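Letters are used for the chains, namely A, B, C, D and E, taken in the order the chains are written, and counting of residues starts over at 1 for each.
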Amino acid sequence: MFEGVPLNWFLITATLMFFIGIYGFLVRKNLITMLMSLELILNSVNINFVAFNKLLYPQHLEGMFFTVFIIAVAAAEASVAIAIIINIYRRLVNIDVENMNEMKN
Amino acid sequence: MINFGYTVWIVLIPLFLFILIGFFGHKFKPIVSGIIGTSGLFASMAISYFTAYQYFFVLPKVGETFVKVIGFETTWLRFTEKLVIHLGVLLDPISVMMLIVITTVSFMVHLYSIGYMEGEKGYMRFFSFLSLFSFSMLGLVVATNIFQMYIFWELVGVSSYLLIGFYYTKDTAVAASKKAFIVTRFADLGFLIGILLLSFNTGTFDFITLTDPKGAAIAQGSGIMFLGLSTMTWSMIFIFMGGAGKSAMFPLHIWLPDAMEGPTPVSALIHAATMVVAGVYLVARLFPIFHFSAPVALDVVMYVGAFSSIFAAVIACTQFDIKRVLAYSTMSQIGMMMFALGVSGYGEEAGLGFMASMFHLFTHAFFKALLFLGAGAIIHAVHSNYMNEMGGLRKHLPITHITFLIACLAIAGIPPLAGFFSKDEILAASHQKAMWIFILGLIISGLTAFYMFRLYFSIFWGKDQHYHHTPHEAPKVMTIPLMLLSLGAIFAGLLPFSSFVTSDGKPFASHIDMAIAIPAVLVGVIGALTAMVFYRKETNIPEKISGFLGGFYRAAFRKFYIDEIYLFITRKIIFNYVSRPIAWFDRHIVDGSMNGISYVTNEVSGRIKGLQSGQLQTYAWVFVTGAVALALTFIYLWTN
Amino acid sequence: MLIMRHELLLVTITVILLLVEIFLPHDKKHKIILPAILLMGLVTIAGFIPGPTGILFGGMYGTSSLILLMKNILNIGVFIIFVQSVSWLKLEEQKEKISEFFILLLSTLIGMDYMISSGDFLMFYLGLELATIPLATLAAFERYKEKSAEAGVKLIFTSALSSGILLYGLSMIYGTTGTVYFPEVSAAYTAAPLQILAFIFFFAGMAFKISLVPFHLWAADVYEGAPINVTSYLSVISKGAAAFIFMIILYTVFNKIALMWRDVIYVIAILTMTLGNLFAMRQRNIKRFLAFSSIAQAGFILLGIIGQSQLGMTTVVYFVLIYIFSNLGAFGVAAIISNKTGKESIDDYDGFYRTNPLLSLTMMLALFSLAGIPPVAGFFGKFFLFASAAKQGMYILVFIAVLNTIISLYYYLLVIKAMFLNRSDQPIGYFKSDGYTKFGLAMCVAGIIIIGLASPVYEFILKLSYGLY
Amino acid sequence: MTNNQIMFFIFSAVIVIFSILTVTSRRILRAATFLLFVLVSTAGLYFMLRFNFLAAIQLTLYAGGIVVLIIFSILLTSQVGAKLELPGLSKKIYALIAAAAGAALCIWTILQYNFPRTSIESGRTSIDDIGKALTSTGKYGYALPFEVISILLLAAMIGSIVIAKKRKD
Amino acid sequence: MDILTSFIVIPFLTIAGLVFCKDHKQVKLTAAIGMGIQLILAAVLIILFLRERAAGNMAEMLFVKDLVWFPSLNIHYLIGVDGISVAMIGLTSIVIFAGIFASWEVVELPKEFFIFLILLSSGVFGFFISLDLFTLFLFYEIAVIPMYLLIGIWGTGPREYSAMKLTLMLMGGSALILVGLLGLYFNSNPSGGQLTFSLLAISKVHIPVEIQKFFFPFLFIGFGVLGALFPFHTWSPDGHASAPTAVSMLHAGVLMKLGGYGCFRVAVFLLPEAAHELGWIFIILTTISVIYGAFGAIWQKDLKYINAYSSVSHCGMVLFAILMFNKTAMTGAVLQMISHGIMTALFFALIGMIYGRTHTRYINEMGGLMKVMPFLGVAYVIGGLASLGLPGFSGFVAEMTIFVGAFQNVDAFHRVATIIAVSSIVVTAVYILRVVGILLLGKINNEHYEHLGDAKWYERLSTGVLIFGITAIGMAPLWLSEMINGGLGPIIQRLLMASPIH
């Protein structure tokens, strides 16, 4: 309980955000919007970590540091993803995920 | 005690001949192999006679009884401690008698064949097979145990197969050989099962142990019951099935007439004198068991023998192929031997049937071989098998004519020729047993005389046929055996047979009962005369009679359709309704299911390929759903 | 320092390569190949020098002799891949970025090493990402090819999604246990629903890496699209490392809920083997074919993991070692053919034996090893895997697995059939391979033959794994 | 309702609503803006939980860095004014089912779980502590991850360059 | 090096030699020499073995060599032979020797052909000398796999299909075996000590009946697949029909024997209680095999199919005999393996030679061949006669031993099964004589055949060796039967202990 805010509220918010991100990932056609959904997903996990850290285990900063590193990784991931997206765009002049099915079956 | 070890050479000499001629025969001139074979057999025959002399006259009897002597024995295969196959030489009256018959006839046939087969392709092959046959047959009769007998039994069968199919480019010969082998093989199946049952019940293969009336094997009783008959009875019936097959008893006789496709000397040797009587010999060999442990089986022997005998005699009256007539005659005679055994008891006088049967076997060998060899000479001369293409040959073939006549008289039971004596004993024995079988015997005798003389008159009398080239008498090498055998046919009956061969080895004196002999001779004479009336001159009586008999005649002429029934069973039932469905089942059901598995796998593989759609979001969906579903499942599983 | 020697050495050579790259003139970029390979060879050999083991950074990093061996195994694999990629790197299109290839590959290897050595989930996560993200760029390495770009997209996006799910699981693990250090997590873990959920989400993330059904769908496409040497890297090293850490975490962290995860793995193993095989059966593209076959192989690895014993642990390492050689052998041949002729379809292999017998034989050995046919190493690996599962009494699982080896044998035989049995009017012509290729394949063949028959290899691994489980 | 609660509700409402808008908006730039709102209000949550350092990072790196990166790439690859194509209905439904099921499951299990209550009242984390932890090599020290992440970033950079740089020709 | 190991080493040396051969002639010569040495070695082994036994060495296994291979799993390279294995080794070396000469004229890739052929034989040898279940299984698979290439590359007809089917079905069998072996291994020491793969050690252990019953079907069916147990025999007709001559010979002659050998060396020997309890199921199946194979053969028109079905029947007899669980029948089983091995090798050799001349295997398209190729014809007849169990040839000895042995079981079920099995001898006669009649006898029905030549020297050698084998055993079976019998002691002992009556 953080001064009246129960842990579960954080968790539920984060979970909702997580699955909204998942939903976005599953339906958005544009690769960049998919990337945005991914950011939502990672962000929601961050909230979890932070909330746990603060509300349950404040002795150490494990959750917080985890979050820091997740943010860093997310940045790296995003940069690589964007590089690849740009590369794709150069090849196909289109970044619709549904067009990316040259390999199948 | 005399060492009979040398007797093994009787058997081995033919084996060596077979190997010698078979492997190296093509190295030298054809005639050489004939001479080697014949002289080898002569040696074998000489040893046999010497053995007979030693056995019957030198070897001391024990308690007036001829003992059974193991001349030679070696272990061949060991199944269990008790069930051991030995190969050896067992000497007792019947085996010694058989040795004489076989070596004699075989020698004659060898000699005869030198002339008969001259110029044939495969001359040396013929002689090697003949040697092989002699070896097998000799091995059979001297068998010390039932398994050795079975071994040689099979070998005899295969030699017969090889010899029947000697003219292997002739389709009928091939078919006949195949038929002979398969039918006898089928019978042998019974024999084998019988052996298995018998050996399991008694724990031994050994003849001496098995047939000792006071021995454990018989005393042990007849075993458990099965379908109302004891195991012992079943085993003897099965064994008799083997004997019936080899001896061409109804209904396993169908191979014998066809077997006449083989060269005539072969018919003489194998299908008249020796191999076909193996069944009789087998029953005789196991006679104590039949008698003591399985009387029902002995009755079966009697019925089968009797029926076969009359059945064959009737058919023989209708056939035109001289070799077939002789074949049915053989069958009929063997039937007589069989029912003689069937009616026999055990012991001296009671065992008259046994003695008579063996006696008939002995005499029959001579005159039937003679008949066949004579027929061979005739065929050799006219190049036909059909009596309606012959006639008046007595002028062209004087020696053959005379010897053939002797043989006919002998088989018709005209005294004092050999057949009279043996047949008389058979009739006497059957008279002891039952009236109806005696009468049956008489009828058979009459029929025998009829068809033999029908044959005789048709060939040597009747009207002259126009032959392509004038028939001429066979060379010396063929006529000498004829003459020698006719001596046998004349005098063999004069032997005091019952002082040598009896059911229990104890000699007794047999005598001729006029009450039986007279009717027997009478029916013989009547039969012969009837034939003379019908066939000496060309008449139309036979046609009339056959017309009068109508359907029966046709049935007899078609051998009572037994062949057709067999053909139906084998071709239609086995081939079409068993084997073909099995082949189909195998291809489609068994194999199909195996292929089906692979087909289904392949098909599933093809179907699920769509899952790999190439759509990233589909993958992600599966990913998420998979994770959620797994979580759901395992939370459910592990919290309950 | 010495405890971390694998990572440090790798970092060192990465830096060296980076520096060389900076100072190397444009037209001489290919000169870096030989030094890179030699350096990697040195590192590989140096890895085998015995040294201290232990725990560093307050438990974030730890090695044992077995973990060192795992790293050595990965080193060997990477070394072979270096050697095998030469012919590809020398192609015109790659000339510009040879050193980048090495650097990226090495950085992922560093990531894997850290991942294997991790003592808490943070290091594990970072190692995992380090082992994945650069791989996406490698998959998209052939910029000019659409397929390669597509492979890059698919890899980076699915990996990001999977790491998101994994992170969610990790957050819950943290939330329920209060720590991310392995020993403490292990001590505090129970089978509460949330913890099961956390485990499953973590598992899904790992399963993505090892490409277990149903988290495998990316694999085939990425494998097909990526440059063939990267594919072999993905299917062998990446997968092997993931299997190692997966096993370690299962054994050390989740040991309290072993009964539960054993069930999970039971199901997943069956699914993976079966579906992997069923998908592989009809593939005609050799890369895709090998991709699915490697999915099925991952299912077999699970059999070792499920054994949850020293035997299981040893066999997993042993199997991965064998698997590296076998799969690299197969990929090596496929790579040669692809580089020389551009042909990647199995149908093109018709009559290959008659033109290139040695390559065909190598391929055959490799495939037999993958199928588990004696006397090559794969047989031993599979047998011991099965033994490990059988030890737990899971005979039915073993039976299903063995049936699956038959299906796998079927499609491996299809390749062999194409090469040996079929006759073709226009077979792939005879070509000469360069020294690097020959050396690489020779290593694979030697490995395939020796590792199985020479029992000391197995016993050595076993000895190292004492006390770990 | 305490102040904290009110703040939390505002932040979480913003997060959820704008998350939804991010994944549904048909204008890509707007989506990016909504994402920015989400990230910013997440930072607000961090502030509320008194993780000031983290909030700062969130704002600079995430909101400042990544979103800018995204916007750049949007500008590079899309026509700004164009509306995005709508996804197919079945796809939406399937995705919704998956997401909803997942969310339901997670929330249910979370609610099932009895989180331990902590007695320790946490104070404000000082930058000092964080700095020490980042360079510490002991337990709860983060020197090693720091090194690893640096390699990761380097590799990501090299990789991005390799892929994204234009061909010479 | 001990004599047994050299049975594995010599093939590999030969293979090594083959690799360096330059031309066709060298290849043939090397292969022939290698396998000739192997044959001589087998003879030496038999003599040595008999001498040891005569000298009173009554150890269960002779020439035992025990090297630890994988110490931790207790896998050993444990080899040794008893009378049975010695007999099987003799069989193998005869067949492979004849096989080399039967494939004297392989034109396509001869080097590879001989390499794979010899590799296969090394697997077989290894299988027979192994006393460790692991190595046994290893050699088993080594023996199976080269088959695929041998049939696939050098076969005829639908070779690819057949090769695939054969390989997969046999591997299916080996899948079952693998499970069974692992089961044995993990139950090999109920008291909790060191587990073992050693056949001898496991044979001293009592495994709980329930466990036995679980694993027995795996092992029996697994080996039974290779032994052509109904309904898992369908690989055999297709496989044999498509295989090249030497491969058919080796496969039907030796490889199928691996199945029978495994069935009793592993399944029955190690799991005797289960064998007693579940035996009836397999007795039914094997009885079906025996009769079904024979009837199946009647209808076939392709020579190889006929022989393949006949093999199903004969091999069914082997398994049938094994399930009779007594010494005599089991001796018969081994005899039958050897007899059928040589016989069927002879058949396949002859079929290959005939096919090489007439280019057809359909009996209806041939006829009267005896006239143009008397040697082959006679050899075929001899083979046929041996096959239908004629005394003087090995088949008779084997079958009679089986029948007598099977009849030792007193209950009606066994007896009826035996009688059904016995009746196969008639059916066998039917199809053998049918083939002989159509194929060899009668008139030549195709003028092309008039000018065909008879066997060449190497063909004569090949068939001669085999014919010598069947007749030698057929004439003087006692030593062989005693040798086999001697090896059966432990198995029988164990079965007796396990029998419900006991």
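In this section, a contact is a pair of C-beta atoms (placed from the backbone, for glycine too) under 8 Å apart; a residue touches a chain by one contact, two chains touch by 3 or more.
Please read all numbers here as calculations on a predicted model, not as lab measurements.
Path length between subunit D and subunit E in the chain contact graph, taken as the least number of steps between touching chains: 2. Under the touch definition stated at the top, subunit A and subunit E share these contacting partners: B, C. Distance from the centre of subunit E peaks at D, each centre being the average of the chain's Cα atoms.
Of all chains, the one whose mean C-alpha position sits at the greatest distance from that of subunit C is B. The most centrally placed chain, judged by C-alpha centroids, is E. Here the two chains linked by the largest count of contacting C-beta pairs are A-D. Measuring from the averaged C-alpha position of subunit A to that of subunit B gives a distance of 96 Å. One simple way to say how far apart two chains are is to compare their mean CA positions; for subunit B and subunit C this gives 77 Å.
Separating the CA-averaged centres of subunit A and subunit C is a span of 27 Å.
With each centre defined as the average position of its C-alpha atoms, the distance from subunit C to subunit E rounds to 42 Å.
Looking at subunit B, residues 598, 609, 612, 614, 616-617, 620-621, 624-625, 627, 631, 635 sit in touch with two or more other chains. Annotation for subunit C: residues 122, 126, 129, 133-134, 136-137, 140, 143, 152-154, 157, 161, 168, 175, 178, 193, 196-197, 220-221, 410 touch two or more other chains.
Contacts with at least two other chains are made by residues 91, 94-95, 98-99, 102, 105-106, 109-110, 115-116, 140, 142, 145, 149, 152, 156, 159-160, 163 of subunit D.
Taken together, the chains touch in the following pairs: A-B, A-C, A-D, B-C, B-D, B-E, C-D, C-E. Subunit C meets subunit B in the complex at residues 153-154, 157-158, 161-162, 165, 191, 193, 196-197, 200-201, 203-204, 208, 214-215, 217-218, 220-221, 260, 263-264, 275, 278-279, 281-282, 407, 410.
Across the complex, subunit C is touched by residues 105-106, 109-110, 112-113, 115-116, 136-145, 148-149, 151-152, 154-156, 158-160, 162-163, 167-168 of subunit D. The touching residues of subunit B, counted against subunit E in their complex, run 75-80, 83, 147, 150-152, 154-155, 158, 161, 165, 168-171, 174-175, 177-178, 181-182, 185-186, 188-189, 192-193, 196-197, 199-200, 574-575, 578-580, 582-583, 586, 590-591, 593-595, 598. Within the complex formed with subunit C, the subunit B residues making contact are 598, 601-602, 604-606, 608-609, 611-612, 614, 616, 618-620, 622-627, 630-631, 634-635, 637-639. Within the complex, the subunit D residues that touch subunit A are 1-2, 4-5, 8, 12, 15-16, 19-20, 22-24, 28, 31-32, 35, 38-39, 42, 45-46, 49-51, 53-54, 57-58, 61-62, 65-66, 69-70, 73-74, 76-78, 84-85, 87, 91-92, 94-96, 98-100, 102-103, 106-107, 110-111, 115-118, 120-122, 125, 129-130, 133-134, 140, 142, 145, 149, 152-153, 156-157, 159-161, 163-164, 166.
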